[in-house]
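Before anything else, here is the set of structures, which you'll find just below.
Next, two complexes with chain A in common: one pairs it with chain B, the other with chain C.
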Partner chain A sequence: MSKLGVFDISVRYGKVPAISDLTFHLEEGERVFISGPNGAGKSSFLNAICGKVPTSHGRIEMDGDLLTGRSPEAIARLGLSMVPEGREIFGSLTVEENLRVGTGIRQDAQAIETDIEEIFAAFPILGERRRAAAGALSGGQQQMLAIGRALMTNPKLMMVDEPSLGLAPKIVDQVYDTLAALQEERGLTLLIVEQSSLRAARVGGRMVLMRGGRIVGEGNAADMADRDALAQAYFGNSHPEPEAVA
Partner chain B sequence: MSSQHAQHRLAAYSTPLILSAILLAFVAFVVILGDKALARTAAETLVRVTLVVGLWIFVGNSGVISFGHAGYMAIGAYCSAWLTLKPQSKALFLPDLPPWLMDAQWPVLPAAIASGLLAALVALLSGAAILRLSGIAASIATFAFLAIVNTVYSNWEGVTGATSSVVGLTRYVDHWVALAWAVAAIVAANLYANSASGLALRATREDEVAAKASGIDMYRHRLWSLVISAFFTGISGALLGHSIGVLNPDSFYLGITFISLAMLVVGGIGSLSGAVIGVLLLSLLIELLVRAERGITIGATQFALPSGSQEILIGVAMIFVLILRPAGLTGGREFKLRLTLPRIPLSQEPTSTN
Partner chain C sequence: MTNFAQLFFDAASLGGLYAMAALGIALIFGVMNLVNFAHGEYIAFCVFALIVPSTDAVAVMLLGRAPALILVPLILALGAAIAIASEHAVFRHLRRADPVAMMISSFALGFVIRNALLAAYGGRPKAISLWPDLNTPVRIAGAEVPLLQLIVILTTLLVVAGLAALLKKTRLGLEMRAAAENFTMARLLGVKANVVITGAFALSGALAAAVALIMATQTGVADVRMGGQVMLVAFIATVIGGLGSLPGAVAAGFLIGAASVLLQAFLPLDARPFRDAFLYTLVIVCLLVRPQGLFVAASAKPRV
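And then the complex of A and B:
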């Protein structure tokens, strides 16, 4: 049984289809990047899995539990954590309070304290500013905090929507280094939306290309950085790149 | 690291200490002056502290404005009247009370607690419906709740005396009793805000979607905070009844709703300190305006503000605060003691500062 099974789902916003008949599987401990042009349905896909938007068709399972039809908070309790696009931290709460928010669903009070110190060890800048309002952090620090907060729920599967959005390349490298290290340590399964296939190739993992609400290509991230496949996903077959023709 | 954590906890719990000290100083000042009328104003002010702090427990943490809390206040006030009035007066004014309530003559403290519990129970039932709505829809529903409570209490002649006032309540609430309840409300509000549920609720105030993604059941925490909030609001209603001695359903309607929300907004809705400071400042302003309406003599000339200017000027004050400091005078921050434990070990703490 795969970690996450998505069977034939569709998502529509009113009459506009965002995702059509999409099927997808994610294995335990895997790292998968979702790439594709704007409007491909990448964020809708993540939002459908975590219960933020309803599916009009199909079903989603994690570890054999049906996620379809559950509320986002119930899905979070099952061990699926989401770092939303644009980070959505709690600006007027302190850094430490932001981390504690994620622990409301846990019973192990002692382990929570240890985990908070672990997060501060992984992101020293957050530890230094633990009493500061989260809204006063820089973009990169907020991204670290959003990841830290997601980790505090003790997830089995973590989804990250465009961690590189609006961040300087050097900071993006740091974010990915941390994600990779955390995955190694905790045996996390990661599903990441990443626009840049080159970035995905550098970090490594499986890559899934989406376009028009469907999966149009899949493979090893390093191979997928190959121009043909990408050009097809981004521009379609009707406008082949000159190189692809030649 | 853990000593730093303990220090932070200490700083968080210093807020109720500071606020209680401010209120105690206020009462001490009034006692020293020895003015009877002033002592009554002080008691009313402290009852308002209990009310607004009670209101803050829900509004401050959830970010949902409630227009319905005067309803919980009315429920508490009448409950205490039912339990404490002399059976003879009840037979006269409230002939339709059930026999067990007709004969009840409770001591004032258990009656006050029972009033809070009844308000909390009504909050549990009404909140279970209202809090399924979100944002502005929930606020409007709380207003509908207030209108329902007011209509029931204004028409249930044999149980509430309807629009003819209930008189003869023991006026036991002086500034000391009111101070004790205000401090109790402040301590409870601080404990709740620093609890896991309070933190979860403040997160939903910031961002509902992200909070739900963190596994927070917003409905449950909102309902829980409303129940605690209504408990203290109900007690404040009982206290108000026993400080003026007379109950009328319209004392718990639009007027008190407006004043209590104005106090919260002026002080700063985001912090407990804001709730308390808002009550003190606006009560002072109200007192000054009431005196000005009665007439002030300066030298040989006497002048008086036209009646009604009190409400208008409070409205103006609220508008000014909203323009100049949208987050209220405290800006959502708490008064805290900044203790620096690592530098000054507890054992060597200086005993004098000279």
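And then the complex of A and C:
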């Protein structure tokens, strides 16, 4: 049984289809990048899994539990955590309070405290500013906080939507180093939306290419990026959309 | 002769009443973007719960006969109960609805409660006597202050401090603040929407009950319309304070109370009947100058 099973789902906003008949599997401990141009349905895909948007068709399972039709909080309680696009940290709450919002689903009070200290050890800047309003953090710090906050729910599967958005390349390196280290340590399963196939290739993992609400390609990230580079070299652009390869 | 101590106590107690009512509205707006216009009817409901249902002109005490130690928690619980019940019956089904649709249904709910009260108690205001001793004046700093005013001021401070502590120190408080800022994100982190919303309604209803007890003692009247006027001022306070901002609602409540008392004291005699016109002119000026609210931090925008 795979960690996450997505069977033939469709998502539509009004009459506009965002995802059509998509099937996808994710194995335990795997790292998968979802790539593709703007409007390909990448975020809609993650939002359908975490219960933020309803599916009009199909079903989604995690560890054999049906996610379809459950509320976002119920899905979070099953062990799925989300780092959304644009971070969406709670700006008026302190850094530490942000980390604690997601701990309501846990029973292990002691472990919560050690986990918080662990996150502050991993991101010292967050520890220094633990009592400061999270809204005053820089973009990169907010991204770290959003990752830390998602980890505090003790997830089995973590989804990260465009972690590189609006960040300097050096900070993006840091973010991915952190994600890779965390995965190693905790045996996390990671599903990451990343527009840049080169970036995905550098981090490594499986890559799924989406376009028009469907999966149009799949393979090892490094191979996919090579093919991208090759296509670009010969044909100028591998995708019809201009922002496909960043 | 104007006594400044007297003015201060008048302003603080009226402001405290408005602040508590405004908090009740801001709490619910914070978590579900609903301006609950039935709030005034919660207040009236709690006042009428004190007396025996009948259409006679003379009120007979029902719950109002209980000693204060029992009565106060009982009425607060009753206020919380009607608020929770209305969430279950009405607003729960409208979570995904447009804010305007929710607001209109809160008007409808208000009419239902009001007309139920009219049917049970009749339309005439009734004289009630709840803790009449509290209206005996005490001398403080050269002012004749009814004991009740002091109690109102003290209660407001306690309520505000208690609410702040609850929001800052408890799990429910943390979840409510997170949900008020970004409900969907809070839910994605496992925060249960129903718990947070029920909590907000319970607190809001209890605040309405506190306002009801104070008004009943102060005015000595039970009137179906009594919640409406307070609700209007409280709503204005939440707008001036910045919708959704709890400290803003409290501050603006006090501000309106103070402005109202000061206008009453210092307007020329001929203009006093039009006090509210002056008051609302000030409100309009406030909104023109700071449409986002007086007490909303300019730095509350997210970074990209």
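Just so we're on the same page, the second predicted complex is superposed on the first by the 226 of 246 C-alpha atoms of A that agree within 3 Å, B and C clash if a C-alpha of one lies under 4 Å from a C-alpha of the other, contacts with A are read in each partner's own complex, and residues count from 1 in each chain.
FYI, a contact is a pair of C-beta atoms (placed from the backbone, for glycine too) under 8 Å apart; a residue touches a chain by one contact, two chains touch by 3 or more.
Values in this document were obtained by computation on a predicted structure and should not be read as measured data.
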Three-chain arrangement built on chain A, chain B and chain C clash or fit: clash
Which of chain B and chain C A:77 touches, first, second, both or neither: both
Chain B versus chain C as contact partner of A:166, first or second or both or neither: second
Touched partner set for A:7, first chain B, second chain C, both or neither: neither
Which of chain B and chain C A:117 touches, first, second, both or neither: first
Touched partner set for A:142, first chain B, second chain C, both or neither: second
Residues of chain A at both interfaces, chain B in one complex, chain C in the other: 50, 52, 71-73, 76-77, 81-82, 84, 88-93, 97, 100-102, 104-105, 149-150, 153
Residue numbers on chain C that touch chain A, as the complex places them: 171, 174-175, 177-178, 181-182, 184-193, 299-304
In the complex, chain A residues that touch chain B: 50, 52, 71-73, 76-77, 81-82, 84, 88-93, 96-98, 100-105, 113, 117, 131, 149-150, 153
Complex interface listing, chain A residues touching chain C: 50-52, 71-73, 76-77, 81-82, 84, 86-93, 97, 100-102, 104-105, 135-139, 142, 149-150, 153, 166
Chain A-touching residues of chain B, taken from the complex the two chains share: 1, 5, 8, 196, 199-200, 202-203, 206-207, 209-218, 270, 332
